[in-house]
Each structure stands twice: as C-alpha cells, then as structure tokens.
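Chain lettering (A, B, C, D, E and F) follows the sequence in which the chains are written, and residue indices restart at 1 in each chain.
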Amino acid sequence: MIRVTRRYRFSASHRLHAAGLGDAENRELYGKCNSPFGHGHNYEMEVSVRGPLEERSGRAVDPALLDGLVRREVLEAFEHRNLNEEIAAFRTTVPTTENLAREAVRRLKQNWSTVFPAGPRLEKVAIAETSRNAFEVSAHEIE
Amino acid sequence: MIRVTRRYRFSASHRLHAAGLGDAENRELYGKCNSPFGHGHNYEMEVSVRGPLEERSGRAVDPALLDGLVRREVLEAFEHRNLNEEIAAFRTTVPTTENLAREAVRRLKQNWSTVFPAGPRLEKVAIAETSRNAFEVSAHEIE
Amino acid sequence: MIRVTRRYRFSASHRLHAAGLGDAENRELYGKCNSPFGHGHNYEMEVSVRGPLEERSGRAVDPALLDGLVRREVLEAFEHRNLNEEIAAFRTTVPTTENLAREAVRRLKQNWSTVFPAGPRLEKVAIAETSRNAFEVSAHEIE
Amino acid sequence: MIRVTRRYRFSASHRLHAAGLGDAENRELYGKCNSPFGHGHNYEMEVSVRGPLEERSGRAVDPALLDGLVRREVLEAFEHRNLNEEIAAFRTTVPTTENLAREAVRRLKQNWSTVFPAGPRLEKVAIAETSRNAFEVSAHEIE
Amino acid sequence: MIRVTRRYRFSASHRLHAAGLGDAENRELYGKCNSPFGHGHNYEMEVSVRGPLEERSGRAVDPALLDGLVRREVLEAFEHRNLNEEIAAFRTTVPTTENLAREAVRRLKQNWSTVFPAGPRLEKVAIAETSRNAFEVSAHEIE
Amino acid sequence: MIRVTRRYRFSASHRLHAAGLGDAENRELYGKCNSPFGHGHNYEMEVSVRGPLEERSGRAVDPALLDGLVRREVLEAFEHRNLNEEIAAFRTTVPTTENLAREAVRRLKQNWSTVFPAGPRLEKVAIAETSRNAFEVSAHEIE
C-alpha cells in the first residue's frame, strides 16, 4: 500500500458569519474574518489517496484521473469564487476551512467509484488557508 | 549603503472590473478575475529600504519603526478587506496588484519623512498575489 | 473529527551537552552542536489538535484560544531565549529538539483542560530545528 | 516514542516506460513522462524513524548514523543518475516515484539492524518528485 | 514603470559535457554533472518584464499574453525533454543553466515585438536549477 | 554578463548589545534581541557574482571554487558559533545581520582575486535572519 498526495491551489473569497447567531456574537466569534465585505485567500489543498502499487504501471493512482476528478468536482467550483455567494453548500453553512475540507471530501467521494472502480481509496483532504494553518478531514468520516 | 527588505502578509478580496469598460470587455480582459462576486488572495508584500549603516546601532533601519509605519499605513487598511469596497483608492481604480503596489508606495511615502527624518529612504515595494507572480514598484516613480 | 494544525515560529539558542558525560564524549556525541558558546536556530513548531466540528461555528477549535495558550505556555518562554540558561527544564536535560517538543507538549497539557474543557484534544507537537529535520511527539505519550 | 524525520535531496533522470507494454500504450499511460530521451527531477526524500527518546543523549536517533546510512544506501546510488540505466532495480521495473520510494525502503532496511541494532525503527519514506506531489511507503509493508 | 515577474516550472534532463574537451577534462570540470547517462532537475524560471502601468486595465502586462508566449517559445520546447538530445541549440553548446537562461531570453525576444508591439519590454530571465542556485540573464545583453 | 547566485545556510547565536550604550538604551534599541543570554537563528546567505559566460565551459563561475571560498572564509567561521564570543569582528561591533553581511563581504573579498584572478566579480551578499527579512550589501561598497 502506498499513499500518494497531490497538491492543488485555488484562490477564493469568503466571509465567516453564522446565520444562527447575532451580529455581535459573530464579530466576537470570528473577529476580522467576520468583516462584512469579505476577504480572501490562496488555498492550498492536498488530496491523499491510498492503494496498492499496480505492478504493471508502477503506480498507485493514475495522476491524470485524479487531477481530472479534483478539477471537475472541486477546483472548477471553488476557483476564483466567493464561497458564500456561489457555492450552494455555503449558503447555510459557514465557509470555514474545516467546512471547506469537508465539502471537498463530499464532492470527491460522490463520483469516486465511477472514476476509480477498483482503484485507490480517498484517504484524506487537507486544506491550508494560509501558510500558518491546515485543516485535515479523513474521508471515512464523511458519508 | 545597505538594502533591508522586510516581508509582510495580508489577506484580502477583490474583483477586477474596469469602470470605463463594458461587461464583455471586462470579461475578456480579466478572465476569471472578473467573476462578479469577487475572489481573494494571501498577498505577500516586501518593503525594501536603503540607507547607510548607522555605526552605533549596527542597523540601516529600526525594524520596529518600519513595521509600525507599514502596519498603520498599509496592513491595517488592507488586511481582511474587500479592496474594491473598502479602500477609497479602489472605488475608481482597478485593484490589480500593480495598483495595489503603487497604492502601498503612496501610503508609505506620505508619512515617511516624519518617521524617518534622517533615515533610510523607501526604495521599492513588491507584492506577490500568488506564489507565481510578483509586482514591483520603485518608490521614486511615485510622487 | 478534524485535525487542525497551526504553525508557530520562535528563535532561540542552545548548546547540546549532557551533564552526565565527559567533555570528549559530549564532543563525539553532538559534534559541532556541542560547541561551548552555543549556537541557535529559527524553530518552526506545528501544534495539531483533533476534535469534532462544532456545527454552530463551523470550527474544530477556536484559533484565538489555541494561539493564546501556545503563546503563554510555549512561545513566551522560548522566544529569543538561551534554552540551556533560561528554561528550568533544560538545566538538567539536554535541549535537543526531541526534548524541546516533549517540553512543549508538557506545557500545553498543563492548562489544556482549563482552556478547552469540552474541546478538541491536543494530538501532537512537531518541531523543525532546520528545514532538513522535524521531531514529533504524540501528546498521549506524555503524562 | 518520538518520530524523527530527516529530509534529503537528489537530482536524477528517468523515463517512464513499461517493458511489458507496447509503445502506444506506454504513451497513453505515461503521457509526456514517456518521452523517449527521458527527463529529470530534483527529488526530495523524507525518511521517518520512530523510537523511544534515549534519556542520556536526549535523542531518538543519532542523526550522523542515519545520514550515513541514507547516503551510502540511497543517495550515492541515485544522485545525478539516470535511474533506468544505472540502477539495477529499474532495468525491469518502471522508475515511477512509487517504485523509487519502495526501492529506498528496501535499501534502508537491508543494513538497518547493523547500524541500529537496538535503535529506532524505520517507519516510512516519502519522496516528492515535484512540489505538487508526494509518494509515501510504510517500511513495514516492504519485506 | 512597474516590474512584473512571473514564475514557471519545467522538468528536464541534461548532461554537462563540452564537445571541445577530452573526457578527463570534462570529468574534472563538471564533476558528477558529467555522469554519462545524464541526470535531471525541476527548473524554476522567473521571467521579468518592465513597462508603464496602463491606466485603463491597471496592468503593466497582460498575463495571458506573457504566459502564452513563454509556453510556446520555452516551456513546450524544454518541458520533459532531454536538453542535450532534443534542443538544437544544445547539440553544440553545453546545457548549463547559464546557457539555458540565455537560450530562453533568445527564444522570448524572437517574437516579443509581435506579441507586445507597444508593450512592456523583457527585462531578464532567471532560472534556478535547484533551490540552492539561480542564473540570471539581462535581456538587453542578448542580441 | 550573467549573475549567478548561490544560497548557503548556517546556524549561529548572537546578542544585540552595543558596547558604547547603557543597559537601558540597549534594551530599548534592540528589544528582545538584547536578552542577556543570547538567542539564535538559521541564517540563509545568498552570494551573487557577475561575470561573462565563458564559452568553453558554458559557465560564468565555477561553482566548486565559489563554494570552497565561501566555506573557508564564511561558513567555517560562522557555522554553529556564538557570533559575539567567537568572531573577532563582533567583539567590538554589534552582530546585527547588517554587520554580518558586511563582514561576509569583507571576508570574501580578501582572497577573491587569488581564487578568481580573471574571474567573475563578487556583486553582493544578502543574508536573511528569518523568513521575514533580508539584508543586502553590495560588494563595491566595502573596501
């Protein structure tokens, strides 16, 4: 078994503001991330898959298949978007990077078995919002 | 003479859309950066100053003075902001990183001589919008 | 469950010299790190916590609380210090980065439950002494 | 128990071409990596070991011993080499980075117990071919 | 005037061997870089242009035009190639990174005025062969 | 003419304390860098040389000669040292990174013409004390 990690980048904007909370509570909870006009980041996303090494090709995953899936399911949706306004999932859920990583796992799992019927399994997604933090979700925790 | 460069970071959102142009032309000119809801970046800004080494302190610039000036004039204005909506200069000017660097130089020059009456001169500001580009403005080019 | 990792930096000096060993043995064991006047590093420390995503805030940990705890317990003690001379734990223990990581875990666990009574658990601390190494301690291994 | 990771670099060239497949299939499988004259990379290899902290030295592994073993078994063989032509294992096996990581583990395990009779165990080897990917093999999976 | 720098990556292999010198002299001159089967690198290339800020677009260079030119003239030729065997210029010239940077400038200048008739001028190209070196050529030095 | 930059690393400790000033003034001037027991850094030093491309070798500088000179004159003196205590120049001069860069230039110029009688000239030395700053000295400014 081998773990293969591939790294992707996308830039997006968001505002942290929980719908169920008042303005003052939101400001206290999220600080400057609650700023009403939003702000943005260069996100760096690592997708890790795990699978046996296929002896014929010497690979555990076909990188073109993985890149295609990540591009279609995640990058095209998030790249250069306002996460709050343009991603359905974040109309009702706060677009923290925790939730962003969870949403990326959900999107990747949706068509995973079509692209990789016998292939490696998705292990985890980690997203860094800045160079000072990272948020990691294990795929098996997301239904 | 010594050149001292200090590096700062801020996260902000913007939309590239020139007021004087039509929608189609804006889309063609800026591509995905024209996306109507905006997007964002982790900007990395390098401020370079040049001055003689002061023998007593062994320094060409007092880093606390420079950091304070940069924080007051640039970071507090840009950090976690929507550049189009919250910075007066970008109401009428497109917030490209070229213009962002030019605006940073303008802001730093404004009170430079108060903070550094005899001190090093501001040489240039370089801002990277992503890890794949950088935009550099020489201070002497900005009045 | 989500793993959140936050990255911190501090600069410090140390000398590797084991009290129970003779000078020649120390020199052989630690090489140039045994140099009598000490040397120093820019340490990079990653603190990883693991916890359920709190649906209300969309977060697994409040970053301000974690940063505060790390600052009070670790950074204020280590930042710009001579580890051998100014940290009680390293009067008798060699300040290798292994021991530094262990000490950081101990310090973080001390008041962890006060700051995070119901919250995420501390999972591990990893400290890189240079860009060529890293030393990782799991929190559950330290009493 | 502490995990220590040390990072090494080497530059090498390779061509991805599976002996058991036809030219067209190879081109489809490996794309530009099948280019007949080969190409190359700056590989970055992380070797992770795990062991108890030895109280006397404050270390989990003697870095000089590990560096020596890695240099003799892996770096001297791979550094500035054409992997297909100059490494026996890659005469018959495709030199993908998956296989490269597997080969590195095999080479390190060979004389591990001579160098570290009581010492830390080899946990894993991760090799990045570019800054956008990494391939990780657990040592216990390789006989 | 603004300097805009854009960063590109390509992977290639090469062998340093001067046609006009004997084998022993080549070995002494280039050391392990003269290894007969070649080796390779992940090259990182920075292209810097300088021009006035165009007020209408807020840009000093259209990044899509520059990326297209760099891709057509340099990246498509060098990416995943054996520089000695597949680039005509390096049949007779040693593919050191100095020469690689010079060749990149030559290729960019060839159609520069077609793509940028009024636009920014090419200032310099810098290529890093590894993270420990860089080779920079000013465009005006190359006819 | 080509500029070649090579990057080196060393770890050292220092204390910023000007001999001609009182304790209170030193504390105010240098802040935590004045801490009496010293602290340390991983310094990153870039040495830039400029010279014509030698057509025979395709190089502007022989990297082995430059690395040897830098190692003998700078790295062996600074690596794993306490700059204040172990470098004669810093007995009387404050070991700020400005002065460190100036001292490196002085040391490199001393035997430059012996190693490079016809060869490239030393252009500048830049030293970063942390990832947030850099100090650059032009060689021609130092006698």
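Just so we're on the same page, a residue touches a chain if its C-beta (ideal position, glycine included) is under 8 Å from a C-beta of that chain, and two chains touch if they have at least 3 such contacts.
In this text, all values refer to a predicted model and were calculated from it rather than measured experimentally.
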item	value
Given chain A and chain F, the chains that contact each of them	B, C
Most widely separated chain from chain C, with each centre as the mean of CA atoms	E
Centroid-based (C-alpha) most distant chain relative to chain D	B
Same-residue or different-residue interface between chain B and chain F, half as cut-off	different
Between the pairs A-B and C-D, the one where more C-beta pairs touch	A-B
Rounded Å distance between chain A and chain E, as computed from the means of their C-alpha atoms	35
Gap in Å, rounded to a whole number, between the CA centres of chain E and chain B	29
Where chain C touches two or more other chains at once, by residue number	131
Touch relationships between chains, expressed as pairs	A-B, A-C, A-D, B-E, B-F, C-D, C-F, D-E, E-F
Partner chain D, residues of chain C touching it in the complex	16, 18, 20-21, 29, 31, 93-96, 98-99, 101-102, 131-138, 141
Of chain D, residues touching chain E in the complex	9, 11-14, 32-33, 35, 37-42, 79-82, 85-86, 130-131
Residue ranges of chain F in contact with chain E within the complex	1-8, 53, 56-60, 62-64
